[in-house]
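See structure below.
When the chains are written out, they are named A, B and C in that same order, and each has its own residue count from 1.
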Amino acid sequence: MIWNTNLRWRLPVTCLLLQVALVVLFGVFVRYDLDADPHWIGSQGDENTTSDMENEFYYRYPSFQDVHVMIFVGFGFLMTFLQRYGYSSVGFNFLLAAFGIQWALLMQGWFHSYKEGYIRLGVENLINADFCVGSVCVAFGAVLGKVSPVQLLIMTLFQVTLFSVNEFILLSLLEVKDAGGSMTIHTFGAYFGLTVTWILYRPSLHQSKERQSSVYHSDLFAMIGTLFLWMYWPSFNSAVSKHGDAQHRAAINTYCSLAACVLTSVALSSALHKKGKLDMVHIQNATLAGGVAVGTAAEMMLMPYGSLIVGFICGIVSTLGFVYLTPFLESRLRIQDTCGIHNLHGLPGIIGAIVGAVTASCADAKVYGIKGLANFFGFDGFKTSWDSSMQGKFQAAGLFVSLAIALVGGIIVGVILKLPFWGQPADENCFEDSVYWEMPEELKSTVLHPEDSTLKPAEP
Amino acid sequence: MIWNTNLRWRLPVTCLLLQVALVVLFGVFVRYDLDADPHWIGSQGDENTTSDMENEFYYRYPSFQDVHVMIFVGFGFLMTFLQRYGYSSVGFNFLLAAFGIQWALLMQGWFHSYKEGYIRLGVENLINADFCVGSVCVAFGAVLGKVSPVQLLIMTLFQVTLFSVNEFILLSLLEVKDAGGSMTIHTFGAYFGLTVTWILYRPSLHQSKERQSSVYHSDLFAMIGTLFLWMYWPSFNSAVSKHGDAQHRAAINTYCSLAACVLTSVALSSALHKKGKLDMVHIQNATLAGGVAVGTAAEMMLMPYGSLIVGFICGIVSTLGFVYLTPFLESRLRIQDTCGIHNLHGLPGIIGAIVGAVTASCADAKVYGIKGLANFFGFDGFKTSWDSSMQGKFQAAGLFVSLAIALVGGIIVGVILKLPFWGQPADENCFEDSVYWEMPEELKSTVLHPEDSTLKPAEP
Amino acid sequence: MIWNTNLRWRLPVTCLLLQVALVVLFGVFVRYDLDADPHWIGSQGDENTTSDMENEFYYRYPSFQDVHVMIFVGFGFLMTFLQRYGYSSVGFNFLLAAFGIQWALLMQGWFHSYKEGYIRLGVENLINADFCVGSVCVAFGAVLGKVSPVQLLIMTLFQVTLFSVNEFILLSLLEVKDAGGSMTIHTFGAYFGLTVTWILYRPSLHQSKERQSSVYHSDLFAMIGTLFLWMYWPSFNSAVSKHGDAQHRAAINTYCSLAACVLTSVALSSALHKKGKLDMVHIQNATLAGGVAVGTAAEMMLMPYGSLIVGFICGIVSTLGFVYLTPFLESRLRIQDTCGIHNLHGLPGIIGAIVGAVTASCADAKVYGIKGLANFFGFDGFKTSWDSSMQGKFQAAGLFVSLAIALVGGIIVGVILKLPFWGQPADENCFEDSVYWEMPEELKSTVLHPEDSTLKPAEP
């Protein structure tokens, strides 16, 4: 089927409408949190011993910047592995994330930071907005190369909304702990994206097969993404943890899990190749699974060896997934998962949720201290009657809620994106930058098939 | 015209002379600030409640590192978009910045950190030196591909000097607020650079036209620069703001402005192409204009929606500039602006100065609190009789001073750089690495014209 | 000689065995430090004025992340300059570092953090593990392109062990100051690596000569590594310094030294080329020598001008080394040093050790203050009778111990790695990714010689 991929009016209008709406909503709803407001200096003076250092900014800002790099460089470059889709990988990720963080500030703000008629913005909101967009970047990995930027903006609009609802249910209603987002970000993002790509199934995608692989330099660009994700993941999992030991512990656990994951990914990658050669796809992706899978439990008393075990398992599971499960999903279940997000975010996300539930169940005052246990899980307020096993059950419930919302939401959004007027590329023009980008001279006339509408004269 | 581009003696002698001079001047003038001196431990012991955390290092160091990345990787890689000028873009930027920061430590030190016969170095000086060099990197964008490294070192020497004078007039004499440097860094840097390139006008530059564009991978390298600039810009605009809420607010405002700027840049880029395709040049550059334009006002009560509006406007203005203004400047005004810095730093810098003046004018005790207002604008000392509207007027004055010094300074420096013995390339060898770099074998003999002196035997 | 390079069983078994052993050892030995344990909240409550900010995490975490980037992106990409070894440079560095940090946590933990039967992990341990692995990355530079990943894992196992022993002797027995690791990391790593490559001498390596150089884009990838190393080096040298002024001073000194080093590297690179052209190898490597050489003295009162002088000298020495010493080492001493680590880490490391010893010798109470001097050098406990000149002598002793352990250790490890069953490549297949990596289609059949075992049918 041939669609019109000329976005001259559709993309500008979508962008401008969304941005105008955001400006208006920000004008009505968004103000600064006390820590970012000049009145802070007065409020602070009341307490004698307080220093400027107590501003939330200094607790969270370095982690925020690391997370920011993961979203824009990490996810953006990770997807540049395709030989002819580098502009779109980096560029569309940039676009959807820039839109998504603004919309997430509003959605998450209404649910979590709404005080006296206004959303109050502070550095923690910025981190959470980046987190929310992280789940969109995950889903983008499944549909990479097969959708137009207009579709991506629409998907982001809906996914951020659903993410915020799901997050509210988990964190506020079920009182689930999920600081690194194994459930809210990775599981939700992955199964949402897989459902969308399942709805958008393209039976003739094999026509673009020759572009659905890497070239030498594109793999090196992708390693930039991989490494920044890998290195900054300890910041990701600890960014919104409680001050002090919880944040400290989350970073240590993530560091350990990721290190172990690299060794088992390499081991399996070599073992599964008939000549023992390593596959860049596994090194680029499976090595990160350990970070996903300690997302929930990183701030808990998982113990360093527990983190190594989680990373150990995830490197194996994820690499096996790339070798056996992805082809199976594509051929049997009609799920075309471009980046293999099921192996990097789906399965490890579920493992992470389970690890989190089990770790929470096992929490006791011997390990955490009485004060530490109450403080960490917040067993007060309406949770006074809770114990660890109760917490564990709610953790597990959180996983199922995330999966349910991802699947139902994914179907609805997939159906909307299937409408034929969003400028999506034809099957034979997938994974191809020149559909949406002005290309350098050398490459201009080489790839597109003549029937591509982008080569016809532009509509008036 | 054919110049001798063999730098064998000119470049080494320039580098070594400058570096020896710097060593001597550092020896005579530069010592550590108290916070970086072993006596700090004694001074600190006087106050009972003070912790090591109160050392300025912990307030500013993470932001410093982000700014450092922007100067060296951000600006360096942003300019690698040219197909045959990657070595020079990254390498010369590295060279001029490494020289510039040392000279800036001295110049800014004399003006701002001179106590009892010595310049006192602390982390804030390092940030300010990076800022100062940022303005040189901006100007480098205008002359990129057309100057020799010797010319760049000379330009840096003068520009850092002029920058420091201008900064002193603005910050110390006019008491202007400009923490993110819309005026001091971007407006000054851009119009200085544009004036220099105007003086250095090359009528036959079209002979190098085929190299003045990108190739596929060079655009991806440039995106590394773009993204690191974009992601770390909140640190840039907040790095030297007052501790606490001002630093916090500056980061939030910049985050918002940049996000909005991406959407309008994409919208305009697509709308201005006849087939609705995106242009990498706009994505690489116009998306950053929002960061430039909140440089002055980011730490003020611009409000999040105000930041979005600034970003919204700058994405549009900057993209329009690339499409319509840059060709006009080149053909009519003889300003050959290689990277389009007028669109990324010039216009947005002016917008930023205006936004800052207006925001300062509107400041009142209702929004800032009485204590906050006095604290933020420093309405004490000789400013006791000031009010916000007075501050606004001085802000506006700062813009004109910056423009004036940039234009006059640019003319003088341009004339100096026009002298024929600095090793500049011939018109047909512009935008070409092999003039100044030993190249890998594959590329050695392909590009240069035979009359190029670099292909003749070396002078004795 | 033809070796079997099929790693199908050797690499997976090595990785899995090592990782299982690490899990078991972590289970038996590793727990959280108090600052990362939920009991922290109780311990902290005892002191009234203490805030969450006093958690060690906030003092060290931003520096940790910078160091982490240096190890994985910095070293990884620095070595991608080879035209056909990018996958291996980044990928094997990733593998060895991920293994090395886990083993370093144990080795260094036993020596330095062993309390009541357990190693106590905190953020400082993570930094030190990264440091330890940094010395392995240095050594990897010498053998780059000539060893298999199995050999690298074995080298890492031994080198981390030896590093920890050497570090214990220097820091705990000799009470040497070496916060930035001029001796423990760079000198040790370089001479260990050079000894290993000397033992592994390949007389027919010239058969791979055409791949032992760069191509245009591979040099740009390498510059990513260079710049991240250069920019974050101030964090490297200050990461484990004492809180407050020492950490602050270490960052300033490193910043100064690196800046000066760039100018003299450029000067020498141009002066040593007959047409005055710059060589990318020098820009990529010699510019970093200044960071190595202030590793020991950065936290001392080296003074800013002292740092400039160190950088000045190292840029010259390192560039001269690349031009004259590396070819000499290869042809006369049979030391094939792929990345020239002798020039970047060896010589500057020795210079750094000497600078440190001299600076320590000159320390007096006039410069440091009485309190500062005692506090900084820890002249108490069994050091009560020490003075600065004593400290200087022990510093010098540390250099000789490091060299001795590096040479003896390097010989032993080199002999182990020479055994013929580790899957090392044949001389004509060195510097070639396709020996160990599944390659993209375009490149698959172009390079390897027919006698290469990887092209034969796989063993059963």
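Definition applied: a contact is a pair of C-beta atoms (placed from the backbone, for glycine too) under 8 Å apart; a residue touches a chain by one contact, two chains touch by 3 or more.
Being a predicted model, the structure only gives us computed values, none of them experimental.
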Fitting chain A to chain C on CA atoms, where both chains share a sequence, rotation angle to nearest 5 degrees: 120
Shared numbers divided by all numbers used: is that above or below half for chain A and chain B, i.e. same or different? different
Distance between the CA centroids of chain A and chain B (whole Å) is 33
Flagged in chain A as touching 2+ other chains are 49, 51, 53, 58, 62, 217, 224
Interface with chain B, chain C side, in the complex: residues 49, 51, 53-54, 58-59, 62-63, 66, 83, 213-217, 219-220, 223-224, 227-228, 230-232, 234-235, 243-249, 251-252, 255-256, 258-260, 262-264, 266-268, 270-271, 273-280, 283, 287, 301, 303-305, 308-309, 312, 367-369, 371-373, 375-376
Quick check on the complex: what are the chain B residues that touch chain C? 6-13, 15-16, 18-20, 22-23, 26-27, 30-32, 35-42, 44-45, 49, 51-53, 55-58, 61-62, 65, 68-69, 72-73, 76-77, 80, 86-87, 90-91, 94-95, 98-99, 101-102, 105, 121-123, 126, 149, 217, 221, 224, 436-443, 454, 458
